[in-house]
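Note that the chains take the letters A, B, C and D in the order they are written out, and that residue 1 is the start of every chain.
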Amino acid sequence: MSHVVKKLKIAVIGGGSSYTPELIEGFIKRAPELPVSEIYLVDVEQGREKLEIVGNLAKRMLDKAGLNISVHLTLDRREAISNADFVITQFRVGGIDARIRDEKIPLKYGVIGQETTGPGGFAKALRTIPVILDICRDIEELAPDAWLINFTNPSGIITETVIKHTGVKVLGLCNVPVNMVNYVAKAYGVEMDRVYIQFAGLNHLVWGLRVYLDGEDITQKLIEQLASDENMTMKNIPGMQWDKDLLKSLGVLPCPYHRYYYMKDTMLEEEKRKATHEGTRGEVVKKVERELFELYKDPKLDEKPPQLEKRGGALYSYTACNLISSIVNDKRDIQVVNVKNSGAILDLPEDAVVETNCVIDKNGAHSLSVGRLPAKIRGLIQVVKAYEELTIEAGVNGDYNAALQALTIHPLVPSAGIAKKILDDILAENREYLPQFFK
Amino acid sequence: MSHVVKKLKIAVIGGGSSYTPELIEGFIKRAPELPVSEIYLVDVEQGREKLEIVGNLAKRMLDKAGLNISVHLTLDRREAISNADFVITQFRVGGIDARIRDEKIPLKYGVIGQETTGPGGFAKALRTIPVILDICRDIEELAPDAWLINFTNPSGIITETVIKHTGVKVLGLCNVPVNMVNYVAKAYGVEMDRVYIQFAGLNHLVWGLRVYLDGEDITQKLIEQLASDENMTMKNIPGMQWDKDLLKSLGVLPCPYHRYYYMKDTMLEEEKRKATHEGTRGEVVKKVERELFELYKDPKLDEKPPQLEKRGGALYSYTACNLISSIVNDKRDIQVVNVKNSGAILDLPEDAVVETNCVIDKNGAHSLSVGRLPAKIRGLIQVVKAYEELTIEAGVNGDYNAALQALTIHPLVPSAGIAKKILDDILAENREYLPQFFK
Amino acid sequence: MSHVVKKLKIAVIGGGSSYTPELIEGFIKRAPELPVSEIYLVDVEQGREKLEIVGNLAKRMLDKAGLNISVHLTLDRREAISNADFVITQFRVGGIDARIRDEKIPLKYGVIGQETTGPGGFAKALRTIPVILDICRDIEELAPDAWLINFTNPSGIITETVIKHTGVKVLGLCNVPVNMVNYVAKAYGVEMDRVYIQFAGLNHLVWGLRVYLDGEDITQKLIEQLASDENMTMKNIPGMQWDKDLLKSLGVLPCPYHRYYYMKDTMLEEEKRKATHEGTRGEVVKKVERELFELYKDPKLDEKPPQLEKRGGALYSYTACNLISSIVNDKRDIQVVNVKNSGAILDLPEDAVVETNCVIDKNGAHSLSVGRLPAKIRGLIQVVKAYEELTIEAGVNGDYNAALQALTIHPLVPSAGIAKKILDDILAENREYLPQFFK
Amino acid sequence: MSHVVKKLKIAVIGGGSSYTPELIEGFIKRAPELPVSEIYLVDVEQGREKLEIVGNLAKRMLDKAGLNISVHLTLDRREAISNADFVITQFRVGGIDARIRDEKIPLKYGVIGQETTGPGGFAKALRTIPVILDICRDIEELAPDAWLINFTNPSGIITETVIKHTGVKVLGLCNVPVNMVNYVAKAYGVEMDRVYIQFAGLNHLVWGLRVYLDGEDITQKLIEQLASDENMTMKNIPGMQWDKDLLKSLGVLPCPYHRYYYMKDTMLEEEKRKATHEGTRGEVVKKVERELFELYKDPKLDEKPPQLEKRGGALYSYTACNLISSIVNDKRDIQVVNVKNSGAILDLPEDAVVETNCVIDKNGAHSLSVGRLPAKIRGLIQVVKAYEELTIEAGVNGDYNAALQALTIHPLVPSAGIAKKILDDILAENREYLPQFFK
């Protein structure tokens, strides 16, 4: 191709995240194909210190790499967004303490408390929705051609909110699918690019319908191996073996988050046990983070420290940079993205967001047609999508009834009565972040 | 209309049921519009005694009414079906003892055990499917124009099995919708025909989307009243108040069986308590039945005894005779029937069976178009339909994987692990009734 | 039912129509079940004289019947609409001269010129759309609970315009389906109520999928008879035999307007021939009308004169009064109405208007589910629906491109080139009625 | 990738086609990536001489290229198919004389006569269907894993027949889309790989919904240019300018065959004129072919002669070899293929075949999701698809009614009466090739 690629401005909302060095490392590795000239790291007052620490590490990393990319640290979101080419969102409203509350409230009622799945993810969505809508208003005004690359969880719900309620060009990302590919590649001792998985589903509820190695369908073989082995675990999910009979009868590759649905009972026990001994996952992460930021402060540190891996989020920057590069370079390769369904999965509403294989080019993500899902996996995805729709309705309008129904129909919640208790606790404990409910 | 209606032959499979006198009473009341000439009550060897008792009561009732209808008691199903106009199925494979086992197995694992909903209904479906398919082979051969009116539970699943796997003209019935109409009529102190409800959903999972009194939409008013009152309980479901907030946020009228889904926890506690003290519902019914049959034996008894009401099944014969009469008389009125979806509810597969308002005429049931369901009620119905589809697959083919997935995705079952335990118990304890699994 | 029905106010837009006496006759016949107290006949300045003549005849008819219904003649539409219960629209923008132009322009280019089908109907739609939208603004403001019963042709397009672009409760009517029932009844020498037809399609493009006599399916028998006989012709369509082989291969009952599509060539020849000798249908109607109004003027005339029948529009008031009465009396019977599809016909867009069997009650029309249409009739209906959609887009927005595409894809128009010529003539000759194109 | 690619056996049905040298040239160019070891050219008795001539040229070409590929000439189809990896079908039942008849019969009745579109294509389909079904029986038995790459026209109909009535893995090809890309590339003076078009539609009725140059959407710009220029013409379609206003109002890129629909009148005139002077296209081709075969016979000729270009079929081998290579090498690039819809285009039946952009890999073609089509292009495609469905029904079952309806609803046929005349002529003149109609 002969066309000249323009210099890119990138805005990162939630710039103080401990993942930022990973992202920076990604831009460094891709420098030949990704002509970034400016990176704006944006944060809020509470994150000012983190932003400073992370931002300075980022500068040292880029200096070492000898790249002419300027890094700007700012609390002024509008300045960052203005004329950006890509806006990456990786913020956490309420910080880690809100997450810890999200984990603890459901547990109080014998329900799984998890960052993104179930009532925990629901609470996170309610806090995030007003902020993402504000960000989108800014993008509509200041950078209408920018791509919003959303990482903020629950990523599918947030992406669907943006699609339904704003005019912003958005793609929702998640590192789960790429980690599943990575897992299979490792299991077979091959490079990731020799493994191809046909994904379909929702964010954190995605299935590998077919798995290929060098183009050969290895799905059944893999399932059988998995049904015997230790397996696929990502650090931010309490590790646990898949139920052997479940896997065999399923016949497709579930994602790690499926355990919360299929193994509700053992997952809950495990969570309770951990909460008592080492703390919830949020509490563990909080400690890990504190240590990480101590490392980051070291003015001699000029690369991503290996300790970041403990944090989870593996292949996070790989996912982001792959996507951005395919857009910039009009690559037309296949990646897994959260996009508007528009009939790709016939069992879900046309205006829902789904996570599925897409061809990525300069004009965004174009989903491959999935058709109809087998009954085995169809029902779960449909009920969770209904939950997501109601969560968005609740999050955008501050609608109590929609919120109560969202939690009630969620497969992890055993009854309307408990849904109500959890909801009332969530509203009470997050009051400051839920302007839509408390106007 | 001027056409002459021919004399009808009715075959009742499971003729020894204690409900038969109710059915006979129905035919007596409708005699002017329903020209029945022969009723064949069919049963199996184990039901021979019940058949005798019930059959003789039936004869006495018809004699008293002075109707020229001959009643035949037989164990020869083919004789009964041959040239029948209507075949009514109300049998219970394995009898009440099988039902009691269906209730107890799930309870052992802390799961609701219920005749038609959840693992109990699943087990009943597996036992019933081979028998209904046999019956249909007979109908195809001996009475290809007959209407099969199915009451055997789980009625929706059995109807879908017939539609997918045979060429028989079938309509699935249930007395739940008509009881909901009755309930509303009573609540407002009016005749049933002044209440009209737009139903949509699945058998034992049907919603009243809109409720009208004399054509006025009273849905919201009714919901609010229900959210305060004692309410809608049919005798075969442990009575319990609806959760007030649930009802309000739902905005439509749920059916009594929704409690198992929306109030899993309290329903389970109630069941456990009852099982310990008075016995499961099946055990109670067994006692009630024994008493009923003592009454039925009385050669002076020549009408339906009031004690039958304790048995549940209210308006059972009303439902059946209404349907048959509208077919015979080409009435074109609206009744709630289980029929092939064919797009009536856009959120469900076209080949699924749904329970919804239909126009009934000589050519069967023609569903009214429902369109798309609100997210609040869509997800539950979709996941239960996926469970039903898998149950049919398992029941027809003896497919263990489909069976395990059916139970696993059922909202009442907390995990694949527990699903497997329940499934294995069901298979072991029903071995003699499950030829499809043990060939 | 015990509820008291309130006295009704009816507004008739286009009150000066020669059909008004028919409508009045209908109200007289239905008086026992239709408690009309006020009828407002509305017209525009150009129709003042017709309004006077027709209005006075209406008054004499009601007087003779001894009914206490007041008739108001007015040019003030808002007064008429204010608090009306039903607004009936039967106006013709541009009058009969516009119709004659609609017939002649296409003929100039060798294309069928017809009041409602093809370029003629297209032109009529463009003229009508701005007026119907104005009327709806009035209804939204002055009678938001009123039912709009639309007769103005092209009735399906006008109804779809109202549904897509206003909040008015609308039902679109046409006398074609009821005439098809009538035709079959006559063919079999029975009363109309013994014939039932399952209709599906679009306005003036509706099929009788199944025809029943006393509940027996007589479709094939009827088709065979039709394939031999003289048949189904309504006065406003040049009479002509159906092609025998066409009918047999079709296997369903077409409506008279299908001839324009299936027998384009002979219909065109017939039209050309008539245009040369007796004038276009519009020219004939103009003459008939002049004579009718002479009759109407006669102060001794106090009933609908038999000569009205020459005018076409058979069973027009039967259709209207049936519908109104079923709404008022919450009858829940089945009538054929133009309503929003919402999945009733799976092969058409959900937001399209279709003409199909509906249950009529106090809350309007509820379509029966049709499912998928056979390929034989699916394609035509789909391409005509696309034409209708584009016509609405053109008519609402004055969009030239949409207009050109609408005409181009219409099956009666042989090419884009001719479409353009016809379109340009239509725009030029209707300039005063097309504010949306000439702002 | 590390996997070893096995040596390929290719069977070409209709090996005597004058296009075969083009195909051979393709294999020669791709030799590095396409490890072909055996090519079987199959023909029938009538084509024996052509097969000899073409086959010997093929051998000389491969010799010159120094490739170790053996070429077999045979009338034994089963030998050729046995264990083949790819079966390419490019045969013409009845030869060029049948084509000439297909062109002349419709013309007799004032209807466009064309090889693939309208009644001509319909007749070709009827002749081809019995043969392709036979071929598929052979493939099912002798090479069940083979890919059938179908070029035989009407390619979409033939592919749909195979998908609906056999178990063969089939992909339907056409050189129209790639020629449209080529045309755009030439218009902009760039290489083809810089142009990307989002195609959707049916074979010979495919639209370029969006056209990109280096990832920039140039659709509107291109449309405007086309609306002024001489344009897109492939040699086998009488060249003619697009109607300027049509193009602008359409807003998408039509394919050359759209002219038959949008410009029926001028196309017909052109055809008539040519038929009178130079003969029908078939007659011209017959002459060109005769000359070509004279050239082919020359034992010194060992490359594709430039004169083949006159024959049409530009980029024919490019299309075939691209597809085969992407399958063999698991390339996962995007090509335009005829595949089962399965929801890719929501406006068409799920089991229909559509022509659309697909990702090609070892497991075949995976369509990109198209969603809903704009009304402007939706109707035409739907009615033509209904025609195709009926044609397949007629072609497989010899169903006269389906055949008559297929022709009747085709947009090029003005009436059922003319459809019948054409149909009867087609049946009479093709009797020997239509065993399904004359059993």
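As a convention for this text, a contact is a pair of C-beta atoms (placed from the backbone, for glycine too) under 8 Å apart; a residue touches a chain by one contact, two chains touch by 3 or more.
The structure presented is a predicted model; accordingly, all values stated were derived computationally and were not measured.
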Which chains lie in contact with each of chain B and chain C? none
Work out the mean Cα position per chain and let me know which chain is farthest from chain B. D
Rotating chain A so that its CA atoms sit on those of chain B: what angle is that, to a multiple of 5 degrees? 180
When the centre of a chain is set as the mean of its C-alpha atoms, what distance in Å lies between chain C and chain D? 45
With chain centres taken as the means of their Cα atoms, state the distance from chain B to chain D in Å. 55
Find every residue in chain C that makes contact with two or more other chains and list them. none
Every chain pair meeting the touch definition is listed as A-B, A-D, B-C, C-D
Would you pull the chain B residues touching chain C in the complex into a rising list? 1-3, 194, 196, 198, 210, 212, 214-217, 330, 332-334, 342-344, 346, 350, 359, 361-363, 366-372
Show which residues of chain C lie in contact with chain D when the two form their complex. 243, 245-246, 248-251, 262-266, 347, 375-376, 378-380, 382-387, 389-390, 393, 400-402, 404-405, 408-409, 411, 414-418, 420
